[in-house]
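One structure below.
The letters A, B and C name the chains in turn, as written, and every chain counts its residues from 1.
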Amino acid sequence: MENTLEMKMFQNLLTDFIEKEVRPIAAEIDEEERFPAEAVKTMGKIGLMGLPFPREYGGAGGTVSMYAYAVREIAKACATTAVALSAHVSLCCTPIYEFGTPEQKAKYLPKLCKGEWLGAFALTEPNAGTDAAGQQTIATLQEDGSWILNGSKIFITNAGYADVFIVFAMTDKSIGIKSITAFIVEKGTPGFSVGKHEKKMGIRGSSTCELVFENVHLPKEALLGQVGKGFSMAMKTLDGGRVGIASQAVGIAEGAIEETIKYVKERKQFNRPIAAFQNTQFVLASLYAKTKAARLLVEDAAAAKDAKSKELTVKAAMAKLVAAETAMEVTTKCVQLFGGYGYTREYPVERMMRDAKITEIYEGTSEVQRMVISGAIMK
Amino acid sequence: MDFSEYKNVYVFAEARDGNVQDVALQLLGKGREIADKTHSSLHAILVGYDVKKEAQKLIAAGADEVLVVDDKLLEEYVTEQYVQAVYHIVSERKPNIILVGATSIGRDLAPRLSARLRTGLTADCTKLEVEEDGSLFMTRPAFGGNLMATIVSPRHRPQMSTVRPGVMAKLPADPKRKGKVTEIKVPFDVEKMAVKVAKVVKETIKVEKIEDAKILVSVGRGVGRENLPLAKELAEVLGATLSGSRAMVDAGIIEPARQVGQTGKTVRPNVYFALGISGAIQHLAGMDESEFIVAVNKDKYAPIFKVADLGIVGDVKQVLPVLIEEVKKILATKA
Amino acid sequence: MKIICCLKQVPDTTEIKIDPVKGTLIREGVPSIMNPDDKAGLEVALRLKDKYGAEVTVLSMGPMQATEVIKEAFAMGADRGILLSDFKFAGADTLATSSAISGAVRALKDYDLLIMGRQAIDGDTAQVGPETAELLDIPQISYAKSVDFVKGEFVVERKVEDRTYTLKAKGPLVVTVLGDQVEPRYMTVEGILRAVQEKEVEIWNASQIDVDPESLGLKGSPTQVKQSFGKQLKSAGVTHDNVDAAAGAKLIADALVEKHIL
C-alpha cells in the first residue's frame, strides 16, 4: 500500500472505530452469542461495507488490499465482527458486482455498499460441504421464465440478519454440477425461512443459521449470471472470500500475540516477569515470524485480486491455508503462555483460540485448499 | 517603558444571581497581597443586577474600593454588556493588574476585554508573583497540566490574568474593614448587544461543591460501580464529600460536578482520599496541592503513590470496610 | 450559509510523558491529533451542512504538518481548507494568533458563522475564540453544545457550570464549542480517498491575509513566556506495600487521629 498519508488516515479511522465500538463489546457478544448489529451499522456509515466497489454503486472506491487490511485490523479485536464484514463484501456484494446485470447492480449494490442491507452467501447444504457440487437444492424453471426453489442450506454466515442472499441450486439433476446456477434471493420472499441460530465453538456472535426454501417463487430477474455457470461463479467468489478469511485469521493471530506480550510482561513467577524466560521469548518470536509470513501471503493474494491476476486462485488458497493453520497454532500456544488464566474468560485468548478453529474449516477446509494448490502446481 | 500611569490592582468580582462567588473572595485575598507589596490599592469591580448589597462582603475580603455597576441589563451574564461595563471602568482607571476568576464567565469575559484593551492575558494561573515595580509573573499549566509556564507582559498594561478557582487563599473575612463603594453608571451601547437570552435552565441537582469540602473521598476505576457504596459510607462517617476521576464521570458513575482534575475542578482539601485512582497527570493537576493525601491502590507502581503522603498498596474492597469500622470506633470514643 | 471552522493540530497531551530525570516534556513519539474541542466544532459545522447545505471552510495556523488535520477535516466532510503557514506567525501568543486568524477571515469575506473549539489541549487558554471575535467586531458565544439556525438567527445552547442558556444572535458571530458535549462523526473511507487524491489544502502566507503585520508573531504578542518547567510534583510520603488490608486500614485511621482529622 503506497500512499502513506492515505494509510495513516485509514488506520486512524479503523483504530477509532475498533476502540470505540468493537473491542469494548467483543467478550460480551461472544458470551451472549449476540450479533454486533450496531457495529455493522457503523461499518456501513464509514464505508467499510462497500470499500472495494466503485462510487457509482455507492462503494468507497477503494482497493481489495485496503479492505483486507480492515478485516485484519477488526479481527485483532473481534473475529465475529470481522467475518460479518468479510462474508458481506466478498461473498455477496462481490458476485453481484462481478456477475450481475446493470439492473441488478443498480438495485442491490448501493444499499449493500452503504450497509443498509446485509448480504449472505448460501452454498453449503446438509449433504454438500466439501463436496460442494453435491447440491440438492433445486430450482425449477417455469414457463414464464421464473423459477421455483426448493431445498435447504446450512451454516450460512449473517443469515439471521441478512437482507440479500446469493443462493446456489441445481436446475437439472440429470446434468448435475454443470447445471448449478446462482440466484439472488431477498429476505421475506414467501416460502423462504431462516432457521435457528447455530450454537458454535467460536465466532459465537456470528449469525449462523440454516435456510429453508419451500416452493419459493423467484422472478427471472433473480437469476445471477448464466444458467449452469453457478459452480464456477461460486468458486471464483470463494477465491475472494478466502482473501477475507485469511485476513481474519492473520488478525486473530496478531491480536493473540499482542495480548500475550502485554500479559507476559506483567505476570511474575519465580520473582520475575515470565517475559524474561527464554521459552516465552522463543515461542513468541516463532509465532510472530510465522504470523508475519502469513500476513505477506494475504497481502500478496489481495494485490492479486486487485490486479485481476490469474494467480489469484492459488494465492488465495495458500494465504488461507497458511493463515488459518498459523492462527490455530498461535492462539493455542498463546493460551499456553498465559497458563491457567488464559483458559478463563477473564482474558481474551481462549476466545481467540475458539475463534481461530473455524478459519481452518469454512470457505473451503484446509484440505480443500491443499487440493486447489496441488491442482495448480502439478498441472 | 513608562507605565507610571498604570496603577493599582483591580479584581473582577464575579457574581451569579446577585451573589458574589467564592473565587472573587479568593482573588481579593491574592490581590491584597499584591497591592500591599506594590504599595498600591485594591479595587473590586462588581457587575450584575441587584448586586449592590454584596459590596460589603468584598470590602471585608480585602478590597479598598468596590465599583458597582448594577443594571437590569446585567441580570444574566452575556458577554457584550459585561465587557462594556468593565471596559468603561478600566479604560478610565488604568489598572496595573486585572484579575478575573477562570470560570465560564471569566474565561469568556477576560479575553474579550483584553483584546478590546489590546493587552495581553494569561489564562488559568495557579501562581502569581509581583515585583515591587509592579511587574507580574503569572504561572500557569499547559500541555494538559504536564508543563508549567511563567508568563510576563513586558510592554503592555494592564497585565491581565484569569486565575483558577480554588487555588488562591481568601483572607479571613474582616467585617470591620472600611472601604469605599462607588456606583458607576455605564453608557451602554445597546446596538452592540446582539446576543439575546431566550431561555435559562438551571441545574436542579444540588451537588455539594467539592471545592469547598474539607475532606474529599475520591473514587477512581479501582473502586468502580460495585464498591461505590463503600466509598460513600466512608464519606458519610467522615462527614466528607464524594469526588472522583474523569473515568468515573465518563462511565456515568458520578456526576460531572464531582470531577477532580485538569478538565474538572481543582481542590485543596485538608484530606484527600484517592481510592482506586491511578494518578494520571491530568488528575494530579486537580488535587496535588491537598494538605494530606491518602491513597489506596492495588498497583504499587500507580503514579498516585508519588504524591501520596500515606499510601497503602491494597484492594479498596478489603481496606475500606476495616477503615470504616476503625473510624466509627474512634468517633464513638470521642463522643 | 457559509461557515468557517478553525482547527489546530496539537500533540496528544494524554500521551505526553515527563522525563523523570530532567523534569521536562518528552515530545518525541507523541502523536499529533486534531484538537478535540475543534473536532467537536467541526462536527457542529457539518451538522449545519447536513441540515441546511452550508459550505464549510476549515482554517488552521501552523507548520506544514498541520495539513494533516485539514485533510482529516476533508475526510469528515469539509469543503475547503486553508492553512496559514508563515514564519511571520511564529512565536504568537493568543492575541497575535487571533490577529492572524481575523486577518484570514477578513480575506475570506462572506461568512455567517465562525466556529472554534473552546480550548486547545496544549495551550489550554480558551482565549483565541473571544479575542478573534473582538478583533472582527462580531458577537461571541462560548461553551456551546449545539448550534441551530431558525428564522434567520443562530440559536445556541451554552452549557456552563450551573445552568444551560439558549441564546440567539444574527450572524456573523463566533461560537466556541465544548468537546465533551458533542460526539464527532468518523471519517469515511471515501472521504479519506478523496481528501488525499482529489482535494488540495490552500496554503496562505502573511501577505495574503488582511491584517496589520505588526500585530503578528512575536512582535504582536503582548505576553511572553519567561520560563517553562516540568510540574514540580509533590514529593511522596510513605507507601506501605507489604501490609494486609486490615493493617493498612489501621495505619490510615491512626494517621487521621494524629492529624486531628478525627
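Everything that follows uses one rule, which is that a residue touches a chain if its C-beta (ideal position, glycine included) is under 8 Å from a C-beta of that chain, and two chains touch if they have at least 3 such contacts.
Because the structure is a prediction, the values reported are computed rather than measured.
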Request  = Tell me which chain's centre, taken as the mean of its C-alpha atoms, is farthest from chain C.
outcome  = A
Request  = Please find which chain has its CA centre nearest to the centre of all protein CA atoms in view.
outcome  = C
Inquiry  = Per the definition of touch at the top, where is the C-beta contact count highest among chain pairs?
reply    = B-C
Inquiry  = With centres defined as the mean C-alpha position, give me the chain B-chain C separation in Å.
reply    = 22
Ask   = Where the centres are mean C-alpha positions, what is the separation of chain A from chain C, in Å?
value = 41
Ask   = Taking each chain's centre as the mean position of its Cα atoms, how many Å separate chain A from chain B?
value = 56
Request  = Under the touch definition given earlier, write down the residues of chain A that touch chain C in their complex.
outcome  = 3, 5-6, 8-10, 12-13, 16-17, 42, 45-48, 51, 55, 60-62, 66
Task = Under the touch definition given earlier, write down the residues of chain B that touch chain C in their complex.
result = 16, 76, 78-80, 103-105, 107-108, 110-112, 114-116, 118-124, 137, 140-156, 194-203, 215, 238, 257, 262-263, 270-271, 280-282, 284-285, 288-289, 292-296, 300, 305-315, 318-323, 325-327, 330-331, 334
Task = Going by the contact rule at the top, pick out the chain C residues touching chain A in the complex.
result = 68, 71-72, 75, 186-193, 195-197
Ask   = For chain C, which residues are in contact with chain B within the complex?
value = 11, 13-14, 16, 18, 25, 93-95, 98, 121-131, 133-135, 139-143, 155, 160-170, 173, 180, 221-246, 248-253, 255-257, 259, 261-262
